[in-house]
Every structure is written in structure tokens, then in C-alpha cells.
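Here come two complexes built around chain A, the first alongside chain B, the second alongside chain C.
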Partner chain A sequence: MNPFQQFIDLHKANPDFFEGKADIFEDFLKAVRNLRRFANDLAEMMKPDYGVNLNGVKSPRQPALVRRDIPDYSSAIITCVNDTYYVPASLFDGKVKVAVYDADTFPFGLNAYHSLSHFNRVFSQKVLHISIEGGAKLEHPLQINNILSAAVDLATFRRIFIEVGGGAEAKIIFNDTTADADHRYLSSQFVDVFLNDDAHLELYDITDTSDNVARLNELKVKLKRRCDFNLYSLSLSAGNSINIYDLDFESDNSEARINGFVIGDGNQRIGNSTFVNHLSRHCRSNQNFKYVLDEKSHGTFYGEIFVWEVARFTEAYQSNKNILVSRDARMLSEPQLLIYNDDVKCSHGASTGQLDESALFYMRQRGIPENVARTMLTQAFVGDVVDAVKYQPLRDRLRLLVENRLYKRSSRPCDNCRMGCDTLNRK
Partner chain B sequence: MANEKEILLQVTGLRASVEGKEILKGVDLTIRKGEVHAIMGPNGSGKSTLSAVLTGNPAFSVDAGTATFNGKDLFALSPENRAHEGLFLSFQYPVEIPGVSMVNFMRAALNEKRKYLGEEPISASDFLRLMREKRAVVELDNKLASRSVNEGFSGGEKKRNEIFQMAMLEPRLAILDETDSGLDIDALRIVAEGVNKLKTDDNATIVITHYQRLLDYIRPDYVHILYKGRIVESGGPELALHLEEQGYDEIKRKYDNVSAE
Partner chain C sequence: MNNERRNINDSDDIIKEATNSDYKYGFTTDIDTEVIPRGLNEEVVRLISAKKGEPEWLLDFRLKAYRHLLTLKQPKWAHIKIPDIDLQAISYYAAPVKKEGPKSLDEVDPQILATFNRLGIPLEEQKVLSGMAVDAVMDSVSVKTTHREKLAELGVIFCSISEAVKDYPDLVRRYLGSVVSYRDNFYAALNSAVFSDGSFVYIPKGVCCPMELSTYFRINAQGTGQFERTLIVADDDSYVSYLEGCTAPMRDENQLHAAIVEIVVEDRAEVKYSTVQNWWAGDAEGRGGVYNLVTKRGLCRGESSKLSWTQVETGSAITWKYPSCVLAGDNSVGEFYSVAVTRNYQQADTGTKMIHIGRNTRSTIVSKGISAGHSENSYRGLVMIVPKADNCRNYTQCDSLLLSSTCGAHTFPVMEIDNPTAIVEHEATTSKINEDQIFYCNQRGIPTEEAVGLIVNGYAKEVMNKLPMEFAVEAQRLLQITLEGSVG
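The block that comes next holds the complex of A and B.
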């Protein structure tokens, strides 16, 4: 028997674990209906006999020096191997406080919103609490590297609570990767973000995992007055994943932009869902999601803008554009706009099509081979999402990663690898 | 004298169709190095189809006939390899490609050609120098060269950009498909002068046009009249002048019965 399995057996089942959680589980089952709109097969996602770390024991794996394509942009790195956090002693000279709480004793109310957060709450053991001091201006990003690494099929549950103090400016990069791609993972994450007055936050949610990862991710953001929030949902490669992004404009004069791309191939199933709730006046939101789907991949976009009666002078926009590169690729797009007052500027739109054949021929006539021309066109298609990335080192990196991904280069850049071997065998 | 020159393109009995409709009904054409051929004809006669078929546009299908270009079976080559062999089409409607910069586009095109010819990729500094040099041929603004391909270009700028690309790629045979359409007199002169500057004894040009006007600037050695999918008359530059005076009615009267067979 493999040692990891023995390790799991040693810490097996805590009989008290589900005590008092019956209603949460009930919530989950009720809410799970909402997931039916996704192309993802939830039953398929749950099928493997995942190990679950019920006792919250530390992973026997080191915070592996695994190969990642997103380099470290700062010394402020929180590594999470499966569901075990490795937190540095001090971050940004104490301007950022990080603590890991037991989920049961976490001092803040656990607000669950959608199905995925209910699911997460059933199993999550720890809460990573990040608090950014009011007025702090952080030049470099705080990076949270989620690494999946196990020698058995494993389900992991991460719960994260981020508070950005008044007037603070920060960047947070979530970077999900797989280190041991031979096994299947269920990767559940639930993130709560609170932005106090005048806070500025850029949040990057980058997924570059192996195909056998099922990812259930929910991000809930609450914005107070005059906040500026940029969310980037960047699915370079995301096996079977559902992301729910839920924003509440709780006070006036805030602005949020959500930019996302999805690059799918093989049998990948990638769904994004946004809920932008305009609950206050003079707020602006703008969403732009682009999907490039090749081979037999399926994509889902479900976007909802809700403008409440009180939310006068709202500006809310949403755009979802998709390209199906192959005949077998599928896209489900459901843009929704619900407006309950008259003083608004809103628009939404969705389009799904193929690459422009006339552009393709134009490029070929100039001598650019068809496959290169196709890749240049798809790269250009997601280009505006990459260009919207504000943090320049990451923007430059993403250009390269997108290019590599679209050219399906088998050997990806190794310059961040400190292991000297190919641990990230994607297919 | 001209007949001793090497044949660049030889088309025989070309029949082609689009969406099942036959457009070209047996075209023969011989083009030698150093020659300029004008192809004229009324709307719908098959002029643009001819350029599309020769360059390999997948929307058109070749039903019969052969084409030898530069000693190779043209129809056996992919569009990109036809380009590498030196076939260039100045599009009647140049395509806008948002998000692909002119610089990346041209560098990819040039380097693919060099790869095909077994040459090393061009260095960044040489490339930029070449861009600068060739831009001057058609007085193309530097700002346009740094934008996305044809995006937001005016009609005249698009046509200039076509000739700029021609200058960059130095084709053996350039087909100018209604390059004069949508140009004002000044732009027409600049474009035509650009084409003339690129002319050598080793390359050739096919000028597809409705009007004699362009041929005042780009002087053809031969003029062909394409009507209902066939070249019905060929001659020297005087044929274009004659056509300008008479219009296409004479041609139509003369050949309508023939093609109705």
C-alpha cells in the first residue's frame, strides 16, 4: 500500500465531523440545482473515491518546490499544498496580517451564498484570514499559490477570508497548479472579500491545472464606498471547473471590472458564472468574458446583472464573446440583465462564432501557415483580456503563457522550475 | 523579344466554381517575366474569381484545367506555399484583423517565407529597417504600421497597405484586384507609382480593373477581356482605350450568343 494511503488511514474518519452540519449539507443539495445550467457533469466530478482530510492534518508533502508557470512576483507568498497553508511570519512589514483559524471558531460570520460555498462549508477545516491594513499601499502583489499534490485521489477544501482596509491598495494573485498530475482532485475554494471605503484591489484568479482536476470555486466580494475592484478570471487550463463570482455594491460610487478568458481543449468543461448586484447608487460594473474552445471542450457563461430599485445612476455592462475552434466544441451562454429602476445605463451581449475565414485566408495568402494564422487570430481574440491586466510583469507573462497554450507547446517554459524535471505532465 | 522571356504562369482550360455555380469556363493565360497584364471585364465576368482561384481561396473550387507557376503545379500547393513561391494578391477588400499588429503580421509572413526558402529568420533590427524602407514606397504612415492589420484604415490606406505588403514580400507575380476602386486621384497615383517602383525584369503583374484610368499609370503590355468566364479578346494597351470609348456593350453583343451555346 502506498504511504500516502497509509497516512490517510491513520487519520481516518472523525465520527463527530458531520455533527451540526446537516443543515449546511441540506443547503448544498438545494442550491446544487443552480449548477445544472453548467455544461459540467457534477456527478462525474464527484465520482472518484477522493480522500478527504477530515482531521485537518498537515499534508505530508512539503510545500513542494513545484514547477509553476506563474513566477513569484514578490516575497509575499502564501503556499497552500492541498488544504494546508504555509504562511510566512511577516508580510509587507506587518501591513498584511495573516492567520489560519479553525473553521468552527472563526470569529467572522460564515456567509454562504451559492451552492459551491455551502459545499465548501461542509468540509473546510481551516480559514485563511488575510487582513490588509487601512491605507497600506502595496506595490507588489500578495501571491497565493494553491498546489495540488497527493499520491491518491484527493478532495481539498480551502476557505479564505480577505479584508482590505479603508484606502488600502493591493494586488492578490491566486495561482492554482497541479504538481502530481497522475491523480484526480476535487478542488473546492470559497473566498470572501470585503473592501472597505476607498479600497483598491486587483484580484487575479489564474487556473493552470491538469485535466483531471475538478474545481469548484466561489468568490464573494462586498464593496463599500468609492472602491475600485478589478477581477481577472484567467483559465489557462482548467480540467473540469466551475467559478462563481458574486459582487455586491453595498455603498455608493464604487467601480468593478471583471475580465476573464477561458482556453479549453480536450474534454475540458469550464463554466463561469457572475452575479453583479447593484444595491447602491452611482456604481459602475463592466464584465468581459472570452472563451476559445477547441476539440471537444465545453464552456458555460452565466452572467447576471441585478440592478435594484435603490441603485439609481448605475452603469452596468456585460459582454461574452466566444470562438469555437472545432466542430465538436460547445458553448452555453446566458447573459442576463435585470433592472428595477429607470436611471441606469446598461447593456449586455453575447456572441458565439468561428474564426473569421476571410481573415484566415488573408493571412495564408501572405504566407502564414493555417495553424499559425489560427493561433494568431485566437490570441488576438483573447488579447484584450490580457491587455486589461494592470500589473505589467504578470501581463507580459500571460502573453507568453497564452501563446504557449494556444500553440499547444508540449514543453512549456521551465524557467521557474527549481526541480529540474518535468513534474507537471499535463495530459 | 518578350516571347523569349521565361514563362512565370501558364493557365490552361481553367474551369472554376463557387457554391456549385460555374464562374470560370475555360481560361487560358500565359504570363512571362517582366510583363504587365491587365484583365478587364464587366461586373460578374469572373475577374475576382480568377484571382481567388489562383491564390487558393478555399471558398472556390477548381473543376478543370491546370496552372503552372514558377515550374510548379500551382493547384497542388496550399495558399501559404503559393505565397512563398512568390504569388501575391492585393485584395479588393483588404481584411481587418483586430488584435494582430502589422508588425507581428509582417514578421510572421516574412519569416515563414524565409523558412520555406531555407533561410534564417530576419533579425529584429533588419526587419525594422526593411519596414521603414518599404513604407516609403507607398508613403505609408508609421502610425498605420504600428496598428492592427487594416483596423480603422481608410479605403485608401488599406490599398496602400496592400502595396506596402507587396513591397515587403517581393513577389514574382502580383495580382492587383481592383486596387483602384475606392481611391481618390492622389491615392491612385501613389499606389500606382508604388507598383511601378517594384517592377523588375524578373517579376510580373496582373492588374484587374474596370477602368482604363489605372492603366494610364500602370502601363500594361497586354490587355485581356474576360466575359462570362472566358477571355474573349486579348490585345495591346489600345484594347483598353477602345473599351473605354465603346463600353462593354459591344463585347456583350458580340459574345452573348457564343456563351449561350
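The block that comes next holds the complex of A and C.
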């Protein structure tokens, strides 16, 4: 029997537990299947006999796993092994408050928006709450390292709340890695982000996991007045991954940019979905997603821009460009505009194709071997997403990581981690 | 007709006419109509078949479709608010009473002729000069087909589908349902079960049809639906251009129009299908109007075949229509050009599907949406490249123009690319009319309303240019009239 269903059956007797939603798991499967938004086979993702950590048993932290992943900058690190958080006592001289709550007693209320977050809500045991003080200008990023490490197939559920105070400036990096690649994981994460007036946030979502990971990730962002929000979705390697990015412009004059790339090979299935909700006036949004799909990988992009009647003077743009490298790669792209207002400037563009043959010819003519030429062109293709990364040390690092990934170089200090800091440093 | 063909620049007349005419086709014709009781069941399907004296195989086809219909639900996925259609409240057969088949125009009911004269349809003999062959379908039955003899000399078959069933049963049996199966969707199943008439066109090998073929559809009787079926077959190396126009009288209730158009294009043949759709769109409060729920699909079966859809959609309370191309033959080409105008409480969810199966197939999609009032205008499109379809090319452009702050414009494109050699591009923009352009016109003494008409016509030019000449003038005028009073 499916472990999730088993869990639900166990708790059916308790009427408060699901708030009358005993069939939530079925609902969840049905909803996602009906949406047809993802190439991912969700039923297949759910099939393995995952262990569900119901009693909140702490995963041990191995010293080897806790390393500074990206060199040349200092950052505060929160480590999360499976679903156990290791939080340092103080961060940024107390400007950032971090606390871990039990999900049942979380004081700020737990919302659920899509079926993925409903699913997460039922099973997550702990909530990580990060609060950035108003007016704080954090020079260095806060890093949240999610490490999957277990001796059995495991399902993990993480729930995170981030509140950025008025006028604060911060960078947050999510870094997903796998330590024991032999086992299969279901990694579900739901992040709620609240930006108060004049807040600036750069949020990096870097995925570099093994092919055995099924990742269900949802990020809900609410922006107040004059906010500036940058989101980077960087899938260097993701086994079977669904990302939902959901943005609400709740007040006027805010701006958001979403940049993302996906590099897929093997049997990877990578789906990104964005919902940009323009609920107020004078807001701007810009999305740019690029996919490079090789071997038998499948990619999905579903982007929705919704401009409500009240949201006058909106500017909303969206672009999705994809390269299919091999015959068996597949791409499904659905960029959508829903507009209920006439004072807007909106556009979307999508294209799927291959590398420019004449550019390839030019390079080969000048003695560059074909595989190198191809990689160089591919690198340039995802280059504008990498170039958009504002934090320079990370940008430099990403260039290297992308290059290593495209050359399929094994640059890992340990077999299972592609972030590979030490080995690369020695170079 | 001369009146109809007058130059578009003759703007005084246009404005006078436009201000006086909200919907000039909103009249009913008082003719004897034979209507069967409302309701749908197996007996009704048998009755329709019997009334038309159909062979056994066609009755079987209808019954299979009806039984399949019972297993289906009305689709709800489109971006339109559509009430549940009560299939039992519709009469499925309304024919002008026949007094023996008319042999010449003199025998045709003069009132029917008068109706078509008011519509400006070139049905009478004098219209030979206009070079069109017309099959007019009123409610359910084909009234008169002109130019039959001339076309017959070339071997072109252009007749109503019920005649084709009698005269060319092999052809009809071979192609009917081969592109749009009765299992395709709810409305296709409904149409397959109860279709009453429609047009059948067969262009033999190597024939370039010398004139444009044209059908005019009109719903006349109250409480009836129109379920026509068009089947066009273009054999090897042939060419045909086909025009379709639609109108309906004003009524408070909603009328249902669920049609099927099937096109088969063989080796190196070309079919051009143009539609100007001006069904009654309901009044300013959104009461009444036609539900236009149509399945149109063409199969480019032959190598190097070409199918081109052009549509100007200005009418209907609800439009649900996706003329598609299945590009099965190598090197085949599919085109879709569309202008959809919605105003008041109209809702349109329209677009196309380009399914690339053959190698080196190409498709172009140009869709222009114009929305005003409280209307909803959506583009929905699918571009699919299957794994074995090498070197395919698609270009899609869909633009939306917003004329009021209460309307909606939406785009739902889907691109499913399973082959790395494909190049697929999609571009979409949404904006309102550029105020600088209006200012420029105002400055030169052109009133705002006229300026909007001018700008919109320029905006839609790319599609209008694809229409045959006679239609282009009509369509341009229609566009101008439709937009009258909806600026602001």
C-alpha cells in the first residue's frame, strides 16, 4: 500500500487532523493529473515505498556534509538534513531571527494554495521561520542547504516561512543536494515569502540533486508596496522535479524578475510553473526561462500572467526559449496571458529549436572540435540567465558549475555532490 | 450587390449605415417550415434519417454517434461561461416545406429567394457574373445550388451532402468521419448523430476549380439548432477556394450551431477555406445570440499539400472553434489566419491546432483578437511536433487589442515539441490602441471613432489580405460596423 495513504488511513479517526480532507492524497494526484501541466508522471513519483518520518525523528548531521558550498563569500548557513533543521544560535548580529516550530503549534497560520502545498501541509512536522528585521541591509547571503541523506527510501517535507521587514535588503540561497544517491527520495518543500514595503530580496533556488529524487517545490511570494524581488530558478540537475512559483502583487509599484534555466539529461523530468498575479497598479514583472534538454529528458514550462481589472498600468513580460539536443528529448511549453484590463503592456514569446548550424560551422572551420563548439554555444544560450545573477561571487561560481555540467565533467569532491567546492578550489 | 461592393473608403455611407444598423441580418422569413417535435432520442435520429431517405450505413453511423454522445459530457475546459445546453429543448430538423424538388429558380419559394436577396447572396441567375457557385443552407436543408452544370463539366462535385449521399455514396462513405470522428468530442458526436445537411465538394485530380465555391448558412426557425456538415475532398494536384458565411435572426433565446467541417487534401493539392461568421451575437445586455460550437479540421494527407484557413469572427454569443491542420504528408503546409472581434457580452475561445506528422512540414498562425465592451476573447492553440517529423517549422503570432477597460484578452498557446530538428516560435502581445496614433488622426480631422476603425483595419490587414476579394470588402465593412459604438 502507498505509505501516504497508509498514513492517512491511520489518522482518519481524528476529525481535526485533515479538516475533513481525508481524501487529500487522491485529490492531490487527481488535481495534478488533470492540470496536465507537467511531463512528470506523478503517480510514478509516488510509487516507491518511501518512509515517512511521522514521529519527527531527527536525522543526524554528519560533519562532512556541512560545508560552505560556494567559496569566496561568507554566508550564514542553515543546514537541513532531510527534514531536520540545524540552526545557528545567531545570524547577522541578530538582524535575522530564525526559529523552528512544530507545525501543529505554528503561530502564524499555515496556508495552502495549490494541491502540492496541501499535500505538504498534511505531512510536514516542523516549520522553519525566518524573519529579517526591517531596514536591515544584509551584505552576505543566507544559505539554506537542503541535504538528502538516508539509508532507506525516504519522503521529506519541509515548510518554510520567510518574512522580510520593510526596507530590508537580503539574499537567500536554497541549495538542494543529495548525499546518498543510491536511495530514492521524495522531497517536498513549500516556502511562503512575505515582502513588506520597500523590501528587496534576491532568492536563489539551486537544484543539484541525484536522478533518484522526486522534488515537489512550491514558492509563494506576496509583495507589498515598492518591493523589488528577484527569483532565480537554477536546475543544474534535478531528477524528477516540479517547481511552482506563485507571485502576488498585493500593492502598487513593485517589480519582480524571474530568471531560470534547466539543464536536463538522462531520464530527467523537469517542470517549472509560474503564476504571476497582478492585483495592483504600476507593477512590473519579467520572466525568462531557458531549457537545454539532452538524452531522454523531458521539460515542461507553464507560465501564467494574470492581470486583474484593478491592475492598471501593468507591464508583464514572459519569455521561454528551449533547445532540444537529442532526438529523445521532449519539451512542452504553455505560456499564457489572461488580461482583464486595457491599460497594460504584456507580451510573451516562446521558441523551441536547436543550436545555430551556421555558428557551429563557423567555429568548426576555425578548428574548434564539434563537441566543444556545441557546449560553448549552449553555455552562451543559458549565459544570459547566469549573467542576470546579481551577486557576483555566485555568478562566477555558476559559470563554472554550468560549464562542468555541460561538459559532464565529474568535478565532485564526493561522488554524489555536484557543487564540488574543494576539488574545484584546488584547480 | 453593387451596394455591397462599394469602396470601403466611402466612409459617409458606412457611418450612416453603421449607426442605423445594429445587426442587419436580424429578420426572420415567414415560410412554411416543417419542424419535428423538440427532443433528442434514438427515434429522432431514425426519423431524421428516414426523412432524408438515407441508406442503412449512414443510419448506423448516426446511431453509433448518438450512443457515443450518451457517454459524453459537455466540455467545460474552454475559457467561456456556457450554461448547460438542454439537448431536449431543441428541434433537430426544420426544413422549408418541399413542393417537389425545384428544377429552376422559378420553382424556388419566392420568399426564400427574397430572404437571400436581402442577405445579398448571389443566388439568382444574374449572379453568374459574380463568378460564384452557391449552396445556401437554411436551417437544415440545402435550398439551391447554382452553377452545378458548369462545375460538372470539369468533374467538380458541389452539392448538398444529402444529394451526395444519394448520388455519390462511395465517395461520401469513404471520407465521412475520416477527419473528424464522431468520437472526437461532445459536439462532434451530437452533429454526427443529427446532422441534417451541409455541403459536399469533390475536386478531381488535376482540376483547378475555376470559381470560388460558397455556402451560406442561416438559422431561421425558432427553437431549432443548425447542425450542418461540410466535407471537402481535393484530389491530387487540384485547387479549390471555399467561402462560408453565416447569419441568424435576432431572438431572445440562444440558438445552437454545432457544425463539422472536414477537409481532405491529397498529393500536391491546395484548399483555401475562408469564413466570415456573423451569427446574431445577442443584444447589448448579452441576451440571446448563437452558440457557435464548431469542429473544423483538415487532413493534409498528401505530400506537398496545402490547407489554409482564414476566418473573420464577429458574431455569436459564444464561439468555440479551433480550425486545425493535421499535416500528415511530407512537405505539407498549414496556415491559419484569424481576426476575432468580440463586444458587449460576447465570448470567444478560438484558435487552431497544427499537428506536424510528416517531414519538412510548415505551419503559420496569425491570430488577431479585438475585444471591446464586457467581452472575453481568448486565443487557444496547439503546435505539436511528433518524434518522427524532422525539420518542421512553425511560426505563431497572436496579438490582442483591447478597446475597453472591462473586456478580457487571453492567450493559451501549447507547444509540444518531440523532435530536436523542429523550429517553433511563438510571439504574443497585448495592448490597447496607441494614443499617439489616435492623436495623429484627430489632428488631421478624423474623429476618434473613425480613427479607431482605421487603426483596427490596419491591425487586421494581415489577415484580411488573405481573404478572397469579394469577402475582403464585406469583412472590412463588417469589422467597421461591429466596432461602431464600442469605443471608449
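Assume the second predicted complex is superposed on the first by the 363 of 427 C-alpha atoms of A that agree within 3 Å, B and C clash if a C-alpha of one lies under 4 Å from a C-alpha of the other, contacts with A are read in each partner's own complex, and residues count from 1 in each chain.
Rule of thumb we're sticking to: a contact is a pair of C-beta atoms (placed from the backbone, for glycine too) under 8 Å apart; a residue touches a chain by one contact, two chains touch by 3 or more.
Since the structure is predicted, the reported quantities are computational estimates derived from the model, not experimental observations.
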{"item": "Fit or clash - chain C, chain B, common chain A", "value": "fit"}
{"item": "First, second, both or neither for A:384, with chain B first and chain C second", "value": "first"}
{"item": "Touching partner for A:267 - first (chain B), second (chain C), both, neither", "value": "neither"}
{"item": "Which superposed partner A:75 touches (first chain B, second chain C, both, neither)", "value": "neither"}
{"item": "Touching partner for A:90 - first (chain B), second (chain C), both, neither", "value": "neither"}
{"item": "Chain B versus chain C as contact partner of A:361, first or second or both or neither", "value": "first"}
{"item": "Partner with the higher number of touched chain A residues, chain C or chain B", "value": "C"}
{"item": "Inter-centroid angle chain B-chain A-chain C after superposition on A [Cα, multiple of 10°]", "value": "70"}
{"item": "Touching partner for A:376 - first (chain B), second (chain C), both, neither", "value": "first"}
{"item": "Gap in Å between nearest CA atoms once chain C and chain B share a frame through chain A", "value": "13"}
{"item": "Chain A-touching residues of chain B, taken from the complex the two chains share", "value": "55-59, 78-80, 82-84, 88-89, 91, 94-100, 104-105, 108-110, 112-113, 116, 148, 165, 169"}
{"item": "Footprint of chain B on chain A - complex, ascending", "value": "356-359, 361-370, 372, 376-377, 379-381, 383-384"}
{"item": "Chain A partner contacts - residues on chain C that touch it in the complex", "value": "79, 387, 400, 402-432"}
{"item": "In the complex with chain C, residue positions of chain A that touch it", "value": "309, 312, 322, 324-354"}
